[in-house]
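This structure is in structure tokens; I'll ask about it shortly.
We just call them A, B, C and D in the order they show up, numbering each chain from 1.
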Amino acid sequence: MADVTLVEAVNMALAHEMAANEDVVVLGEDIATNGGVFRATVGLKDRFGFKRVMDTPLAENLIAGTAVGMATQGLRPVAEFQFMGFIYAGMEQIISHAARMRNRTRGRLSCPVVFRAPFGGGIHAPEHHSESTEALFAHIPGLRVVIPSSPKRAYGLLLASIRNNDPVVFLEPKRLYRAVTQSVEDDGEALPLDTCFTLREGSDVTLISWGASIAETLEAADALAEQGVSAEVIDVATISPLDRETLLCSVAKTGRCVIVHEACRNVGVGAEIAASIAEAAFLDLQAPVVRVTGYDTIMPYARNEMAYLPQVADIVEAVEQVIAL
Amino acid sequence: MADVTLVEAVNMALAHEMAANEDVVVLGEDIATNGGVFRATVGLKDRFGFKRVMDTPLAENLIAGTAVGMATQGLRPVAEFQFMGFIYAGMEQIISHAARMRNRTRGRLSCPVVFRAPFGGGIHAPEHHSESTEALFAHIPGLRVVIPSSPKRAYGLLLASIRNNDPVVFLEPKRLYRAVTQSVEDDGEALPLDTCFTLREGSDVTLISWGASIAETLEAADALAEQGVSAEVIDVATISPLDRETLLCSVAKTGRCVIVHEACRNVGVGAEIAASIAEAAFLDLQAPVVRVTGYDTIMPYARNEMAYLPQVADIVEAVEQVIAL
Amino acid sequence: MKDRYAFHVDSIAYLDESGDALGDLPEWSDDRDTILDAYRHMVLTRTFDNKTIALQRTGQCGTYPSVLGHETIGTAIGQTLAKDDVLVPYYRDHAAQLLRGVTLTEMLLYWGGDERGSAYAHCPEDLPVAVPISTQCCHAVGVGASFRIRDQKRAVLCSLGDGATSKGDFLESVNLAGAWHLPVVFIVTNNQWAISTPRHLQTGAETIAQKAISGGLPGIICDGNDYFAVRHALMHALERARTGKGGSVIEAVTYRLGDHTTADDATRYRPAEELKQAWEREGVKRLQSWLHHQGLWDSDREQALQVSCRNQVDKAVEAYLATGPQPPTAMFDHLFETLPAALAGQYERLQRREVKHG
Amino acid sequence: MKDRYAFHVDSIAYLDESGDALGDLPEWSDDRDTILDAYRHMVLTRTFDNKTIALQRTGQCGTYPSVLGHETIGTAIGQTLAKDDVLVPYYRDHAAQLLRGVTLTEMLLYWGGDERGSAYAHCPEDLPVAVPISTQCCHAVGVGASFRIRDQKRAVLCSLGDGATSKGDFLESVNLAGAWHLPVVFIVTNNQWAISTPRHLQTGAETIAQKAISGGLPGIICDGNDYFAVRHALMHALERARTGKGGSVIEAVTYRLGDHTTADDATRYRPAEELKQAWEREGVKRLQSWLHHQGLWDSDREQALQVSCRNQVDKAVEAYLATGPQPPTAMFDHLFETLPAALAGQYERLQRREVKHG
């Protein structure tokens, strides 16, 4: 049992699974000797050798496609994109091949690749280092999209993602990489990939979020509790395929729902959740489902990025609005 | 005034604007001598010369990025992707540069590029030739996404897209390329890029669609009329930024709404429309907003593609369902 | 002060256009049976090609890319690859794929729009056709890397067209093959055209093979209508790869004798004269002539072969046409290993819908 | 039968490590004023670099990539480009950008996290820094194509690192420059590292310059710490480009003397000895030595220069620190040419929110 940060939990899960399964290999830019620019792969090269921990040339398309090729041979590659803002060159391979290899060959070949990328804003990085475009991957059939928001969930969900026999886009909220520590047992226990996590029970409103925004959402729930509003907080975590059951059960109970995410609003994952709830819980809802999100703008550079990110006050205000109805 | 197909209207608009404005250039694979695999650029090379009508090497990333570079010099490139299924290699340039050049330079440089691509299924083509992933682009701030569904709208919206000083992803429903003809005047009149088109007025239900599905949606409206149900039909056409006003006014009137699109459901553009309407028209809605869409699967190969596409009966059934409530 | 780094690519050929040896043939040319097999396979491939085009023209097959002019390259690939090597094909590799074990019926299913056409019962490790051009190059280096990781003495053969060499995927993969010393052989079928785009608009490079230099790989050119040249280049390259000496690039020069696909009309952009000249150089006739000159072939054998090929193809077509479509719900069957609960509703809706609509 | 195609790249140098001429210098070396300007500019660049690192360490600037070891290349670029050529820089081109007219303050704003840092009041056609590696190569050929379309006799200089040459963008762009005969010069700063990835893991190619061969462009290598070599290679390449003779690739060999950025710690992966040796070869000191040997420089001038550079930088820092942030609503101001109606609501909400929250 060790007190670890989220990024250390990622490292722990990688090391665990590499030790347990020879087919697990890791590749990406600067992940071997340097241990990754966020240190997520630190120590792996020394422990498992260059053959299984591979620094690649600088080419994201190649990283994605090489991982796909490896997977057709039964390896289980975990490919790191240094930042989510650089994943786009790999989109063709992820969309047109990783997501389709099993379907295309009627199950003859498959693609058990985990595509890891740190994502989201709030660390005052340069342009393109603060994106949250999980929606692009959630729209692609054949992909799983998984986003942990605590060290424990990072450990358990990453293990599950590596063991899963299909491709997973695993997005790590870099703002939370070192924000908190949690005691995580290195017991090899995976978490389910098809269930949202209810972090806090409540009866007046359902707050749905994921990634780094979970922090503000939980804070908002605290603030609301002081006002006498009981908020249920759900971490979606397994963004796609989406566990609508857990969300609908909660809304059936509370009758009100606020969705919080850092990504742009337009055609974001919040839209899918809101649309699904508004359709399936039509008669349960006592107020419209409201989304608190990033703006539909380019993420501002560091100096103004906080103005872009959803704040606790924005969430509280949205809840007050739906409660007033 | 000529009776033209949708693809001929595209050609007409390109020729019109190239004649009117020397800065308009066209580039892509097989677009010059061959006139494009769908003949959208036929005749342009003979009329405007190789310098302005450029066959590129086979590299979509390069096509997108070259267009961005040209645009920084004040050219207005219209770049063709042969099929939407091959646009993904160009995503990094579209997302990280085209959509951002103006913002990044505070208006010093801009990116008046039109990225054209035929999209959608129903022509019995091989894998990757039948995609509808407009949602990926609609989620990106700084991009416009425009989809015509008739020869007239193809002509007017393409003119507007070329004249617009920002990047436009212009998606042409290839199933409609030669499905009908319409008399279109080559008068250089552009259509607005910020307004949905109401194709048919009605009072009982609002049917919202775009692209090739407009055909089935209009047919469904006919079928419903026979049952005494009056359906309003709206062609969204300007997918992003989205004209929510027109949609909301209609739903305020009808109280019911069905959204029809060919793309996968999960995190599709339909989700955004449904979420927006469910939020803003909460008190107007007499039934949940229902989506009739493609399945969340890989588009099946030709033999089974019709099973994937929304059919008239599916739309009628959905309307019956929301009317029953 | 000046230092010079020098590079080169060689071009090899063994037969002239009329099938006469230009000089000594490779040693392995003693193996007449294999060469006869090669010729027979080329004819089978061409028979299949004609038939499939006819099927397409009569609405019984989807868009189909003719293999006309590419039989020699594919046959040489198929014969040279070892069983446990892996083929990463492109869509004009019918000849190679058939020798690997893909059945004529599977091939028809694939081009007929049925996913089962890539299930490859007999060559389970070979990759399916990658429609997005050049993307398969990255898979090939991935497969090659897995051989290295597992210390396996196997080679990967990655096949692509001249157009595909312009896309980053190829160049990135060549670079990785060089940097990681991977057992990957890239064979580029330079058939002078990428749909309507002629070779000279595709690249300013004098040869395609020289693109190998960018990744530090050796490059070689061979006459793609010369069975001896293609096979010899391949044997050498694959042997290098299997024995840990690294990857390489082969440019096989040929000509696309047909339209790009059945959806294309090459007369729009291609001079008739060029096509006519290309027919003079084509590889099937050339190998036939060589066999004739050696006394290994005659018109009786030819006739018998034609009949047997037609029979084989007809049987495959029959099996193809007798294969009913998959049920619509098959679109969910291999989306994930097991259907996620989130999709159960859609699956059931599709099932119900089919029952209703027919 | 065998044909051979031969290729080569040359490597040029004029000064040895201690600043002594290896042979005849280029003719233009008579122009002592320009060479003195070059030296002064290198020192200014280094002064700026030191200061900005200090600002970052004290929380007054964002992540910043040091230019240490790259001053010679950037200065040569800045001096060789004509006013109406276009520079397509990468993020380690401070020296070149400053000479193009980007102000020290703009540069600080950029690395300080303010979009106005790329508004470039004085070089309005130059491209801003492209953060996604190698993507700028495609822009460069696009700019070059626009010159060709408009029959303008201008050149484009596209700058990138050794790591960037592995990404398809570079190779695709080199290929287009060759196929379309574009006036684009690519200069690769080969500083031996891409963050922690050493040159030998980046590619198996013996040189970076040979990657030019894949697109049919000429390639040349120059000592990137030798002002005469870099400038000479650039002059030649840019002149070729401007006069319609096509593009080329220059590999400028240097060493990254600092960490990758202020967020990096190179001691984790880089041998101290290698760094120490690289300092022996660095370019600023080398040009200073040459100037000394020519009697064009002395310690008085050096001291005066140091003072003047510090003053210049201090003033720029002052202006930077005095620049208040943009209002949050600025994120909407240049999203589109005019704000679409669809976004008016979000804009107003942001305005209201700011008033409320501060």
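As a working rule, a contact is a pair of C-beta atoms (placed from the backbone, for glycine too) under 8 Å apart; a residue touches a chain by one contact, two chains touch by 3 or more.
Because the structure is predicted, anything quoted here is derived from the model rather than measured.
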Far-end chain from chain B, centres as C-alpha averages: D
Pair joined by more contacting C-beta pairs (A-D or A-C): A-C
Chain centre separation in whole Å, for chain D relative to chain A (CA means): 36
Whole-Å gap between the CA centroids of chain C and chain D: 43
Geometric centre distance via CA averages, chain C-chain A, whole Å: 40
Approximate Å spacing (C-alpha centroids) for the pair chain A, chain B: 30
Sequence positions of chain D contacting 2 or more other chains: 115, 131-132, 166-169, 172, 175, 179-180, 201-203, 331, 335, 343
Per-residue multi-chain contacts in chain A, two or more chains: 57, 59, 61-62, 85-86, 88-89, 92, 96, 103-104, 127-128, 141-142, 240-242, 295-298
List of chain D residues in touch with chain C within their complex: 1-14, 22-23, 166-169, 171-172, 175, 177-181, 200-207, 209-211, 213-217, 221, 246
Of all residues in chain A, those that touch chain C in their complex: 25, 51-52, 54, 56-57, 59, 61-62, 64-75, 77, 92-93, 96-97, 102-110, 141-142, 144, 164-166, 194, 240-245
List of chain A residues in touch with chain B within their complex: 61, 85-86, 88-89, 91-92, 95-96, 99-100, 103-104, 127-128, 133, 135-136, 138-142, 240-242, 263-264, 266-272, 274-276, 278-280, 282, 285, 287-291, 295-298
Parts of chain D lying in touch with chain A, wherever the complex brings them together: 62-63, 111-115, 131-134, 163-164, 166-168, 194-197, 201-203, 263-264, 268-269, 325-326, 328, 330-332, 335, 343, 346, 350, 353-354, 356-357
Contacting residues of chain D [partner chain B, same complex]: 86, 88, 115-116, 118-120, 124-125, 127-128, 130-132, 135, 137-149, 168-169, 172-173, 175-176, 179-180, 331, 333-337, 340-343
